[in-house]
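There are two complexes below, and they share chain A, which is joined by chain B in the first and by chain C in the second.
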Partner chain A sequence: MSFISIRDVRFSYDEVAEGKPVTYAVDGVSLDIEEGEFVAVIGHNGCGKSTLAKHLNAMLLPDSGKVIVDGDDTSIEEKTFDIREKVGLVLQNPDNQLVASIVEEDVAFGPENLGVEPEEIRRRVDKALKAVDMYEYREHAPHKLSGGQKQRVAIAGILAIQPQCIVLDEPTAMLDPSGREEVISTLLKLNRDNKITVVLITHYMDEAVLADRVVVMDSGRIVTQGTPDEVFSQVELLKRHRLDVPQSAELAFRLKGCGVKIDKIPLTQSDCVAALEEAMK
Partner chain B sequence: MVRDVAFGQYFPTKSVIHRLDPRAKILIFIAYIVIIFCTFNYAALAVTSAFALLFLALSKISPKFYFKSLKVIIFIVIFTSLLNLFYGSGDPLWQWGILSITWNGIHRAIFVTVRIICLILASSCLTFTTSPTELTDAIERLMKPLKVVHFPVHEVAMMMSLALRFVPTLLEETDKIMQAQKARGADLESGGLIKRVKALIPILIPLFVSAFRRAYDVATAMECRCYRGGAGRTRMKQIHMAKRDVFSFIAIALVIGGVIVCNILLTHVI
Partner chain C sequence: MSCVLELKNISFVYGKGTPFEKRAVDNVSLGIERGELIGVIGHTGSGKSTLMQMLNGLMRPTEGQVFLDGKDIWEKPKKIREVRFKVGMVFQYPEYQLFEETVYKDIAFGAQNMGLAGDELDKAVRDAATFTDLKPALLDKSPFDLSGGEKRRAAIAGVIAMDPEVLVLDEPTAGLDPMGREVLLSQIVNYHKARQNTILLVSHTMEDIARVADRIIVMNKGKLAMFEPTKEVFRRGDELENYGLKVPQITRIMHDLRQKGIDVPEGVLTVDEAFSALLPLLKKEGKLW
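Our next item is the complex of A and B:
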């Protein structure tokens, strides 16, 4: 069985009342996430991707359907904190996730809540801060850090809980390009070196390209999923769901429409250059 | 602009004062406030001021920052010392209408000035050398006995530490909102008192709205990090009483003793 399995989940923010039509934020989603995977979930604003993210660590419970995390149903109340220990959620605004006035004390917040021994907390905090390259900043005040640094501290705060999976809800939406780069490379490193499962909710296609698997959502449903190559070659489908494709894919797609011979839609700049070179021969 | 407030900041210079147990610091601070208002002659006043200066010197923090925190209250100091100057009893040295200055008034003015300055310096020393987390942790421990009467000690301490954490963030936000409103033509700097207070409304409303939104986000983030109240919680930084804390208690005891002796042996000037 997969690490997280989502079975036909429906969720609505509306009060369910007789005779009133209910709009579902998540409308019948089934998805499996394997251990060690890097999954990107994309979709335009309001497609239900953030709502889905909050289901993964029992912040929200499905109206119908089930979310099973490592064998435990999220709707069982006694398991809530076990699940939050296994699946950490990083939110969009880094400012609002940091609860202490000093970086290392903030990172310690999670393990402190779990009742971990002081020496062990210290060890975990140092390890988490080193994993996100923020160890030198451990005694700084969070409000003096840049956006990317704050978000990395927030990730360290989740890492210190030692989860098997990190879910990130648009962690780069409020960051500048260099901050985005810092956060994404940190995530790739954690996934590769620490074997942490990563679920990245994003609306930046260039980030989604780096994942093992891309899930596309619209109106609370999964539209398509597959490897980045499979997903981003369906340029028309993505456009229909008001999504962009990576710039190089867009270029190749338009050229193809004009009759240029390109077999495979390239996703990165270097692939694109290679494909164009091939086509010009 | 609103951001450079020195009062309430923390400077990690790692001095001996920093390493004192925060509980000891708070207790000494409270004792100090009491004793500073129990000084009735210049010798006693000198003893208490010397104690404050000793702590300041040991804190290894640039005097610049202490001056900055004094600057904020300079008007209060001038105002209260003037009030006291004209309030004294005894033979007037100088008189103009109902205003009169007496020796007693001069003494009072000097005392109140020195007392307020010492008070601000001591509280600055406390906040400069103690991180907000240490401070709230210490308050939580000191208030622990109140749990018997079902006082929510942990919750209060957590609220305090969150409030302290968000002071700079909200100040920054206030700045941003002020600039945004100015860009829309809001006039914040002219007019009388009432007009200026009214001009604050378009700043306060967005600030409140965003503070509530933030609070919701912070609560979500805390829940995501397995926060479930104070029960079963541990702390990374343990606080222990050490020899230096005993020395600091001895120091404050000497000051208290000194003030009492001065008060008994020497004549009171106020």
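Our next item is the complex of A and C:
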């Protein structure tokens, strides 16, 4: 069975009453997330992707349908804390997620609340900070860090709870280019080396390109999904859903449309250069 | 050409005389010409926000002077309010600043404080709503009933209604989806064209800046690292990377092709430009089928 299994989930923020029309933020989504996968979810503002993300650790419960995390149904109240230990959530604004005045205390907040032994907390905090490459800053004040650093501390705070999966809702939206790169390379590393399952919600197509699988949402539903190559070669479909493709793909797609021989739509700088060189030959 | 804004050796020091003293802006001098669309880039903490807040007197430089239309804005500190009417500022995530009962009232708030009333006020509000593509039907709604993108545009409309000579936008597209970014950006460009005013656009999205800016201010560690035409700035990719910034992907692709001996122009900034450069080249080589 998949690590997370979402079955026909519907969710509305409206009050559900008889005879009243209801709009569903998530409108019949089924999705399986395998252990160790790196999944990117893209979709325009209001497409339901953040609402879906909040279902993954029982922050929200489905109106109908089910979310099963590691065998447990999120709607069973006694399981809520187990589920939140397994699936951590990181949000957009790092300033809203940091609670302590010293980095290592902030990272310790989660395990402290779980009643973990002090020595074990020390061990976890050090390990988490090393994993996001912020160990040197353990005694710094979080508010003096850069956006990328703050966001990495927020990720370390989740890691200290030792989850199997991290869900991130637009973690780079407020960051500068180097901050974005720091966060994304941290996620790739955690996924590759620590085998942590990552679900990344993003508006940046160049980040989605790095995932194992890309899920596209619109109007509360999954429109298409597949490997980055499969998804981003559907340039017109993405545009119809208010999305974009990396510039490399856009250029190649337009040239291809004019009869230039390009076999595979390139998603990265180097692939694009290679494809164009090939076309020139 | 006359400068609408001129900065002379301005610095800003936080916590002066305390152990936390920090020079956020360090001896910056520059002139912005009337009608320019200026991009402002720099990593987090580079001093760009502090710099922007000194342009309309929200912060007073600890050293140096700011000139608006040739006049020192701090010459008469009591008159600083007038400067804030002339230099409009839209902060990050401005939708959190909406507060009025209706969208109309919210957009009107600033202009009303400037003394506009009656038909004049009504026109200012409606024009601003048109520029930001808010349908008339939305104006009577509560701002809290709008979608995220509409809220953002309503907040921007509130500043546009004041018809500022200079408009400063701090990351207006942050958190918007690709299409939302595109739409808002083209609204800003259309507004700029129609009003011929001066705009400073702060952004972390290099692709956006590359598309619209005439010149770019690059801040690094509180200092003005570059102030050059857009093409020139993005030609210096290595330097930008040292400042924690990046060059748009399309610029890098075209740069690499050039390095490989393919005859494409230097400093390509948009997919359109790249497409128009490559297509004739491929045609000439007979590579179409």
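Quick note on the criterion: the second predicted complex is superposed on the first by the 281 of 281 C-alpha atoms of A that agree within 3 Å, B and C clash if a C-alpha of one lies under 4 Å from a C-alpha of the other, contacts with A are read in each partner's own complex, and residues count from 1 in each chain.
Here is the rule we use: a contact is a pair of C-beta atoms (placed from the backbone, for glycine too) under 8 Å apart; a residue touches a chain by one contact, two chains touch by 3 or more.
Everything numeric here is computed off the predicted structure, so don't read it as measured data.
Novice: Please indicate which partner A:Q97 is in contact with in the superposed arrangement: first for chain B, second for chain C, both, or neither.
Specialist: Only chain B; A:Q97 stays clear of chain C.
Novice: Just chain B (first), just chain C (second), both, or neither: which does A:G71 touch?
Specialist: So A:G71 meets neither chain B nor chain C here.
Novice: Touch check for A:A173: first (chain B), second (chain C), both, or neither?
Specialist: second
Novice: If you stack the two complexes on chain A, which partner ends up touching A:G259: first (chain B), second (chain C), both, or neither?
Specialist: The second partner, chain C, only.
Novice: Based on the superposed arrangement, let me know which partner A:L89 touches: chain B (first), chain C (second), both, or neither?
Specialist: first
Novice: Touching A:P21, do we find chain B (first), chain C (second), both, or neither?
Specialist: After superposing on A, A:P21 lies clear of both chain B and chain C.
Novice: Under the definition above, what is the set of chain B residues touching chain A in their complex?
Specialist: 10, 12, 131-133, 161-162, 164-165, 168-169, 172, 214, 217-218, 220-228, 232-238
Novice: What residues on chain A touch chain C, complex-wise?
Specialist: Where chain A meets chain C, its residues are 43-47, 92, 146-148, 170, 173-180, 203, 205-206, 242-244, 246-248, 250-251, 254-255, 258-261, 269-270, 272-273, 276-277, 279-280.
Novice: In the complex formed with chain B, which residues of chain A make contact?
Specialist: 57, 59, 81, 84-85, 88-91, 93, 95-102, 104-105, 108-118, 121-122, 125, 139, 141-143, 154, 157-158, 161
Novice: Given the complex with chain A, which residues does chain C contribute to the contact?
Specialist: For chain C paired with chain A, touching residues are 42-45, 92, 147-149, 174-182, 204, 206-207, 244-246, 248-250, 252-253, 256-257, 260, 262, 271, 274-275, 278-279, 281-282, 285, 287-289.
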